[in-house]
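The next part holds the structures, each set out as structure tokens.
Okay, so subunit A shows up in both of these, paired with subunit B first and subunit C after.
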Partner chain A sequence: MPHHIEKTAKSFSEEVTCRHGGETLTACYQCGTCASSCPVARLDARFNPREIIKLSLLGEREEVVSGDAIWLCTSCFNCQERCPQNVEIADVFYALRNIAIEDGHSPNIYSDFASALTAEGRIVQISKFVEKKREEYGLPPLKPVGLDSLNKILSATGFTKPEKTEEKR
Partner chain B sequence: MEQPKVGVFISDCGKQLSEIIDFDALTSFVKALPNITLIAKGSEFWRGKGLQTIVDAVKSRKINRVVVAESLTKISDVNIAQAVEDAGLNSYLVEVIDIKDHCAWPHRATPKEATEKAKAMLLSAIERAKLLEPIAKLEFPALKSALVIGGGIGGMQTAVDLADLGFEVNLIDKEPFLGGLAARAGRFFPTDDCAICIQPPSSDVKTITHTSRKCVYRSGFSEIPNLNILTNTKVVSVEGVPGNYKVTLEKKPRYVVAEKCVACDKCVSVCPVETLDEYNANLKNRKAIYINVPAVHPQVYVIDENACKFHNCAKCVEVCPTNAIDLDQKTEQVILNVGSIVIATGFKEFDSTKIKEYHYDDYPDVITNLELARMIDDFGPTAGAIIRPSDGKPAKKIVFVQCAGSRDRRYNPYCSSICCMISLKHASLIKEANPDTEVSICYIDMRTTGREHEYYYEKARDTGIKFVKGRPTEIYADEEKGKLIVDVEDALLKRFLDLEADLVVLATAMVPAEGTAELAELLDLDLEADGFFKEYNAKLRPTETKQKGIFLCGGATFPKDAPTASLHAHSAAMKAVKFLTSGKIVKDLRTAEINEEYCGDCEFCPVTCPYGAISLEPTTGDHFVARVNDLLCEGCGVCVGTCPLNAIELKHSRPNQMAAQINALLSVNGTSKPLVLALCCQECGHTAVDSSGMAKMEYPANVRIAKVPCAGIVRVNQILEAFRAGAQGVMLVGCKTDGCHYEVGSDKAEKRMDSAKVLLKEYGIEPERLELFKMVYIEGAQFAEAAKMMTDRVTKLGKLKLMKES
Partner chain C sequence: MKSYAIFLGCTIPARQPNYEISARKVLEKLGVTLVDLDNFTCCCPPPIQSINLESSQAIAAYNICLAEEAGLDIVALCNGCFESLAMVNTALKNDKELKAHINEVLAKVGKEFKGSINVKHFLQVLVDDIGLEKIKENVVKPLSSLKVAPFYGCHSLRPSKLLQLDDPERPQIFENLLEALDAEPVEYRNKLKCCGGLLKGISDDTALELAREKLVNTTKAGADCISTLCPFCFVALDIGQLQVKTKFNEIYDVPILHYSELIALALGVNPDELALKSHKIKADKIIEKIA
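Right after this comes the complex of A and B.
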């Protein structure tokens, strides 16, 4: 992740386009194909992909990053498939989420997942029920995750960084 | 050849230069040089008395080389060259330099240095002049005839213009009837008048007036004696050169003899075969023998070979009162000799089936604008009724979808530019005829940029058409309601609309006509990335191509509305006339010359030449040598720079001439600063230097300017030679990549300089001593800046250390 570029970015849209996944943001011409393709936008007025893109282009950083909207995308990729300007909309949202997490904005469920992963190496705890089911299907019991190696990877990739940011706050 | 006798004419531009440059020192410097037979000082030499001095000297045969130091070389050298030519000396034996804008003005703060630079400039011009050679003019015959490919509105208009001016014109169309897309469109915006209307030929003596415009069928267009119309015809091959093309055409049989047919309709009424009428969007059937719409040209029936049963039926033959039907007609080959070719092949609708989510091929009630145009046309398949093709019922709710395949990076990234107006036209016509019809237009941006177009949009809003700002994501069928649903977000309301529709009209993108790529291949023309024909220069030479005798008009270069296509057509005709009117092409042979002794079996130059002027031809055994076509060669020298064997030279810019020029420029320094050589292309690069001087921008006098035909001519070894001759730094100043006057020169120069830098490093020379700059006239300030920068750079690098020659 090119952190040094983000720091020198002149605008929010530049901050997004410097990121992996965010590169295509500026191609958007607001035709609304994404919005009409989006199953979530129909159900939840808080989420409209066209609007998030527009707000990002206009530099409304705080509104985008601290809001709920970017977390509501289900990654169905309908919008991305149909965008006439090849804006990688769902990928732009990943980039926006990464910025949000670095800024310490993330819904609790994500930090819960993250702590579970660093503590136990899994997002979902293995229950007795799961173990029994595996046995029934003839699957071998799950081995414990190599936490040392996993944490090395997580810290090398910067995964653990947002947690620290949160602690600081 | 006669010993050079050089006449040197130095202008002080109305004494303003002698305030800076020491003219006495300059003349005594020149006097001491060999081969100088005349030195004259004056106020100006490019006109009036001064020019007469040159003319007199030439006429008296006292001099046979002319060197003039003037200002504003771009204007003055044309005058001087012409006068010298008229006086009996070849104009290529003249060398004009600009000591005002290239020396006195930019270096006025350091008059001594300016004087020394002026000496170097004069020496350079004299040394070059001594080596110049006369260049002959050659005349090539040009036929006063043209082939116009495509009989749409553009092609017809060009053909009429050319025929009016007395040229033999052949107008061909691959379809059996003329009219092209315009005829199918029925009506035009913004006037809503009908499409088949042209400016009639001026041979129509009875009715031609200034205000006259006429339907094609009554325009007398087909009766112009020097206009030959061939329908059902396509180009198979083209040979030859500009002014003399041999074109082979293939004319498919019509099976109806035009001279006999009286268009009485009897054949149609007895024809038992029914087939889908493609011209009318397959909305009705037609017979195997047919005519498109009543007003087309020619008024002659045609038989559809794929549908007709020929001799197994032949009912039409029996009934024809004039024996016009000939079922045994064969495909004919037609050979034409023409001086020029005009391409008017137009555009077509994009294949909407590619946009899967719009289900054009699944739902019959999803149609294109061209199909709707047929419905709106009273002569069309529904006699003007707007229906649902699925069940023939009237369409009460109609939704237009703009940018279907346009402004879409998956298909066509460009805006097709006319679809907004087409949809407005159709929506308005429908509303006018049936005010109860509900019409919506889903748009991304409404683009109504032409004259009257915005008023047309205003009028459309008055009629109650609904405008939805949003591009639909999908069109789907609501089986229960028996309607189509257009799924779109109105971005202004941030509201999701499921628009019900009986008929969905796609404002389909416009793409190059069928066969465009093949034709480009046949004629060796370039296409743009979007597949349309490339114009030679979009700003200044819009209807021309890189081939001198081939012109473009109408939608062949990009989608156009009728007024623009018509304008373009007149322009193409004008260009063709300009090219052919004298019946000959006169050309200076300032062309490339191959030294066949060195040339051998590589393909670099023919591939590089932007004009297709070089071909490989067999010599002895299996060997090939390059040959230059003097008519096609533009004398840029890109081939010279490309040749790995130094086997090509330009007659007007030979390596020895360039070397003499450069060595002389670097032989006098007179400043404490290191010499920097600026090799400037004679087009934008050199004019940037002019403009910096004209605007009195200053840069140091150690920067020496040498003019070359194109940045692309400069070879790596010439750069090395320049360093050996004393340059501490070398600047190559060329045009912008897209603005290169010779298409590829600037680009080639860039690649060559990259490799030159690698080579310099190998020789232990700092690569930073060489730099390529690309500028245009208005960037004089950038030239001055670059000159200062290079001076500073090489000063910091210190004196250049060259390896000792062994």
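Right after this comes the complex of A and C.
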């Protein structure tokens, strides 16, 4: 059904561009500067930034948001620096990941990051042992974390913790 | 001399006392005061931005507000913290609409982003604020015989539009600092490419391959050590060597030293005070060269 395909394509592109980070998606003219600047694309056949942008422009929503590819960007910003069309590619990937997470797709490690953030206010836990060692090293004690404010901001901005799924890592 | 609010982030206090100790000792020697503020949280780096970009920006802005209230510029030691905070600081200063939106959120916790402070990388404080001349004057143990491969990592430089630390393709700031210590900066292939750190737990093989190519290329270039600006790069290249040994049966034995550690050594801090034991690849041969 061509009509349906066209409608879907238009809406996914729009869904991305009206999001934070996704605004510049449609400026892409598929030159491939991103792919040739990408440290991951050289090593991992699953990842090609130009391809992800193309699929997004074509409205292949399901393939983009449920696939592995969008999670393989290292956020190194090489592509974004070099894009002749000023597509903010790494930011577009953040927008795609935000959509994927709302749809329930993400590697399990993101659930761990979110748990640590909401419980401790830090994404890496600091053990009591390490905290005690500070004195021995002559380092000042750690200051309290603004956990209350952090959690209020998270809920005011609609932050939802990604759930772990069985079949994923 | 100027005071700064020190932003420690998560990884440094959790895992890298060597970075924090050396940074504090260097600034103490150079007469800069650091203030530890209450209530700083996680900076909300790429993994959190990947979950919710807006939440991340608002939390970064909240942290900036704490420094604004204290009237202090922020110095960040970690590339990740620097990037998260500096991006938001610049973006909100330049985008009234975004600022108004984030301020609506911040009002819920009694904060308002004003745009009155700067977020600086520790490297910028050293080179731009303190100055290479002053650092040179304080060097008592020049690193004259040392070939150092500078490793910038990604988030000191990029996205350059928002971070404005140096030219993202041909940076010189780190090399200039190493030369001020009388060390020889070494050029090598893929110097500005990612360490792979952010792929850990997502694609471990690719992450390790990215770290490994830095070890290959710096070794080919004849570097005595690699110097890092970022705790994630440090881990990727230091612990990474143990993983490369297991997986590829290759031994590089190239010590990884944060730039702050090299400066501390050059300024005459006793190596025993620097928690160098926390390095997996021991820095002993570097210490011997300097002594």
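By definition in this document, the second predicted complex is superposed on the first by the 137 of 169 C-alpha atoms of A that agree within 3 Å, B and C clash if a C-alpha of one lies under 4 Å from a C-alpha of the other, contacts with A are read in each partner's own complex, and residues count from 1 in each chain.
Keep this in mind: a residue touches a chain if its C-beta (ideal position, glycine included) is under 8 Å from a C-beta of that chain, and two chains touch if they have at least 3 such contacts.
Model, not experiment: these values are computed from the prediction.
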Clash-or-fit label for the pair subunit B, subunit C on subunit A: fit
Touching partner for A:159 - first (subunit B), second (subunit C), both, neither: second
First, second, both or neither for A:115, with subunit B first and subunit C second: neither
Which partner reaches more residues of subunit A (counting touched residues only), subunit B or subunit C: C
A:50 touches, of subunit B and subunit C: first, second, both or neither? first
Partner chain(s) touched by A:36 [first = subunit B, second = subunit C, both, neither]: first
Partner chain(s) touched by A:66 [first = subunit B, second = subunit C, both, neither]: neither
First (subunit B), second (subunit C), both or neither touched by A:85: first
Minimum Cα separation, subunit C to subunit B, after superposition on A (Å): 8
Touching both subunit B and subunit C, residues of subunit A: 78
List of subunit A residues in touch with subunit C within their complex: 19-21, 39-40, 43-44, 71-72, 74-78, 80-81, 88, 90-91, 94-95, 97-98, 101, 106-107, 109-110, 113-114, 117, 121-127, 130, 133-134, 137-140, 142-150, 152-154, 156-160, 162, 169
List of subunit A residues in touch with subunit B within their complex: 27, 29-37, 41-42, 48, 50-51, 78, 82, 84-86
Subunit C to subunit A touching residues, read off their complex: 8-11, 13-15, 17, 20-21, 24, 36-42, 44-55, 57-59, 62, 66, 105-106, 108-109, 111, 154-155, 158-160, 168-169, 190, 192-194, 196-199, 201-203, 206, 209-210, 273, 275
Touch list for subunit B against partner subunit A, complex: 357, 403, 407-410, 444-445, 469-474, 487-491, 494, 496
